[in-house]
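In what follows, chain A forms one complex with chain B and a second complex with chain C.
Up next is the complex of A and B:
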C-alpha cells in the first residue's frame, strides 16, 4: 500500500463518517458538522486528483459559504423547547433501494479502475478547467446543471408540501 | 512518505512561528496601546517588559481548562482548533524569499482567501456549543461579519491576478513592478480594513465586544483553549500583514540574499503596528455601520480598483 492510496482511503473514511453523521445525527448542528466534514473530504479528493483549483473552490464556496449559511440559519431558527421534531419518511424502502442501486453502480464502474496513482491527467488550473467545461465536457456540465435544477424543484416540492 | 513528513514539518514550523508572533504581538500591542493612552505598558519582566507575555503564557497553560456543564463537550473542545488550523495553513502560500514559498500551488492567492474562511465555522461552533446567549450572539455576529468582509477582501487582491495573469504566488512576485504600489493603493486600503474585520479586531470586534458580550464566542473558554483563540487572532493578523507586505509592497524584491526576507518582515511589522494603532484609536462600530461599511463602501471601492487596473492593463 502506497502513501497515496493510504491518503485516498483516509479521505474516503472521513467522507463516509461525515455522510453517516449527516444522516443519522439527532441534533441539527451535529448534522451540519457532519456535512462540513464530508465537504472538506470532497475538497481533499479534488486536491488528491490534482484538481487544486476545484478543491480550493470547493472549500471557499461550500465550507466557507454554504455551510456557514446553514449554521447561521440553524442558530437563528427558534429552538423547540419540546425537543427536536420526529423526522420520518414514507419512502425509506425506495430511498434505500435507490441508494443501494447507486452504490452498486459506482462499485461496478470503479471495480477495474481502483485509483492507483494521483496523476490521472485531470486538469489542474483554472484555465484548463474552463477549456474542459466549455469544450469536450460541455454535455456533462449541462447535465450537471439539469440535475441541480431537479434538486431545486424537489426542494420546492418538499417545502411547499406542508401548506397544501 | 516524504511529502507527508514535509507537511508535518511545515505545520510544526507554522505553529511555532504563530506562537512566537503571538508572543511578540501581544507585547507589541500592549506597548503601543500604552503609548497611545500615555502609559508605558508592561515593563517589569525583562528588558522593556519583553518577558511579560511569556509569563502570561505559562500562566495560561497552567490554568484549568474549564468546560461548561451545559456545553456540547466535543464540539466545544474542537472549536478552537477549527479556528486556528486554517489560519496556520494560510501561512503556506506567502512568498517569503526569492523563489521560496512553502506551498507553490497554481491557486495560491485563492487558497489564501479560501482556507481561512473555514475558521468562520470554528467561531460559529464555539459560540453555539457554549450554550450561552452572549457566546451565541458573538458567534452569529462573527459569521455575518466574516462572510461580508470576505467578499471585499477577495476583490481587493484580484488586481494582482489580473496584472500578473496568474494566481501562483511566485509568478505574481516575478511580474511585480514598483508602480503596482500606487496602482493598487485603493485595493490596499480595502484589504487592510477587511483584514482587520476578518480577524475580528477593533474597531470591528463586535463578535468579542468585551464590554457588552464579555468576549462573545469565546466567553466560556479558559486556559490553553482561550490562548489558542488569541493565537488565531494574532496569527491571522500577522499572516494578513505578511501577505500585504509581499503583494502590495513588493515583499523581498529588490534586495539580495537574506536582506529580502528581512525587508518583508519589517514591512509586515509596520502593517501590524498600523493594525494595532487602528484598534486603539477608533471606537467599536455598531452592527449596522459594520454592514454598511462592507457592502456600501468597501465592495464598491474594490470594484473601482478593479476597473482602474482593468483600464491600465491594455496599455502595458
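Up next is the complex of A and C:
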C-alpha cells in the first residue's frame, strides 16, 4: 500500500465518520462536531490534491463561517430548559431504499468514467485561479458578488422583518 | 472507482439524513454534507486528470463558486429556520406541514 492510498483512506475515513455523526447523532452538539469533522476532512482532501487555495477557502468559509452559523442557529433555536436538546430521527426503510438506490445507480452508471486513482493532483495555483476568474469566468465572478449582496439583504429582511 | 464510491457514499449519507431528520437545522447540516461530497467529486475528477476536461484553474474557480453558493444557501436557510422558530415556536418538520400562512 502506497503512502498516497493510505492518506486517501485516512481522509476518507475521517470524512465518513464526520458524515455519519452528522446524520445519526442524537445530540445536537455532536451533530455540529460531526459536520465540522467532515468539512475539515474535505479541506484536507483539497490540500492533499494540490488545490491549496480551495482548501484554505473551504476552511475559512465552511469551518469558520457556515459551522459558526449552524452553531448560532442551534443556540438561538434549541433553547431547551430541560437540558441539552435531543434530535429525533425516523429510521425509514424507504429513505434507506432511496439513498441506497441512488448510490448503486450512480456508481454503476459512472464506474467506467471515473478514474481509479487520484495520483496526478492539481498543479494550478492562485495565479491560474485568478486568470480563470478574470478571464472566461468573469461573469460567474460578478454574479457571485451580486448573489452575496442579495443574500446579505435577504437575511436582514427575513430575520429582522417582523420588527420593523 | 474508490473516489466515486467514497463521494457517492457521502452524498447518499447526506440524502438519507435529509429524508430522515425531523429537525430543520439537522436537515440543513445534511444538505451541507451532500454539497461537500459533490464538490469533493468535482475537484477529485480534476485532480485525477480526466482527459479533455476544462483547465485546472477553471475547475478550482468552479469549486470556489460552489463554496460561495453553499455559504449563501446556509445563510438564507438558517435565517429561514430562525424566522420559522420565532413564528411557530418549533423547528420540527412534521409540525410545519400546514401550507397556509
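Here, the second predicted complex is superposed on the first by the 89 of 164 C-alpha atoms of A that agree within 3 Å, B and C clash if a C-alpha of one lies under 4 Å from a C-alpha of the other, contacts with A are read in each partner's own complex, and residues count from 1 in each chain.
What we mean here is this: a residue touches a chain if its C-beta (ideal position, glycine included) is under 8 Å from a C-beta of that chain, and two chains touch if they have at least 3 such contacts.
This one's a predicted model, so the numbers in the text were calculated from it and none came from an experiment.
Chemist: For A:76, using the defined touch cut-off, is the partner it touches chain B, chain C, both, or neither? Pick first, second, both or neither.
Modeler: Both partners, chain B and chain C.
Chemist: Please determine whether it is chain B or chain C that touches the greater number of chain A residues.
Modeler: C
Chemist: With the two complexes superposed on chain A, say which partner A:17 touches: chain B (first), chain C (second), both, or neither.
Modeler: After superposition on chain A, A:17 lies in contact with neither partner.
Chemist: Once the shared chain is lined up, is A:102 touching chain B (first), chain C (second), both, or neither of them?
Modeler: In the superposed model, A:102 contacts chain C only, not chain B.
Chemist: Touching A:65 in the superposition: chain B (first), chain C (second), both, neither?
Modeler: In the superposed model, A:65 contacts both chain B and chain C.
Chemist: First (chain B), second (chain C), both or neither: which does A:57 touch?
Modeler: both
Chemist: Taking the superposition on A as described, I'd like to know which of chain B and chain C A:129 touches: first, second, both or neither.
Modeler: second
Chemist: Going by the contact rule set out at the top, does A:28 touch chain B (first), chain C (second), both, or neither?
Modeler: Second partner only, chain C.
Chemist: A:36 contacts which: chain B (first), chain C (second), both, neither?
Modeler: After superposition on chain A, A:36 lies in contact with chain B alone.
Chemist: Common interface residues of chain A with chain B and chain C?
Modeler: 53, 57, 65, 69, 72, 76, 124
Chemist: If we count contacts the way the header does, which residues on chain A are in touch with chain C in the complex?
Modeler: Going by the criterion above, the answer is residues 8, 12, 15-16, 19-20, 22-24, 28, 31-32, 35, 38-39, 42, 45-46, 49-51, 53-54, 57-58, 61-62, 65-66, 69-70, 72-74, 76-78, 87-92, 95-96, 98-100, 102-103, 106-107, 110-111, 114-124, 128-129, 131-133, 136-137, 140-141, 144, 147-148, 151, 154-155, 158-159, 161-162.
Chemist: Using the touch rule from the top, collect the residues of chain A that touch chain B in their complex.
Modeler: Checking each residue of chain A against chain B gives 3, 27, 29-30, 33, 36, 40, 52-53, 56-57, 59-60, 63-65, 67-69, 71-72, 75-76, 124-126.
Chemist: Once bound in the complex, which stretches of chain B touch chain A?
Modeler: Touching chain A: residues 1, 3-4, 72, 75, 105-107, 110-111, 113-115, 117-118, 120-121, 124-125, 127-128, 136, 139-140, 143-144, 146-147, 150, 167 of chain B.
Chemist: Touching residues of chain C toward chain A in the complex: what are they?
Modeler: Answer in residue numbers: 1-6, 8-17, 19-26, 28-30, 32-33, 36-37, 39-40, 43-50, 55-65, 67-72, 74-76, 78-83, 85-87, 91-92.
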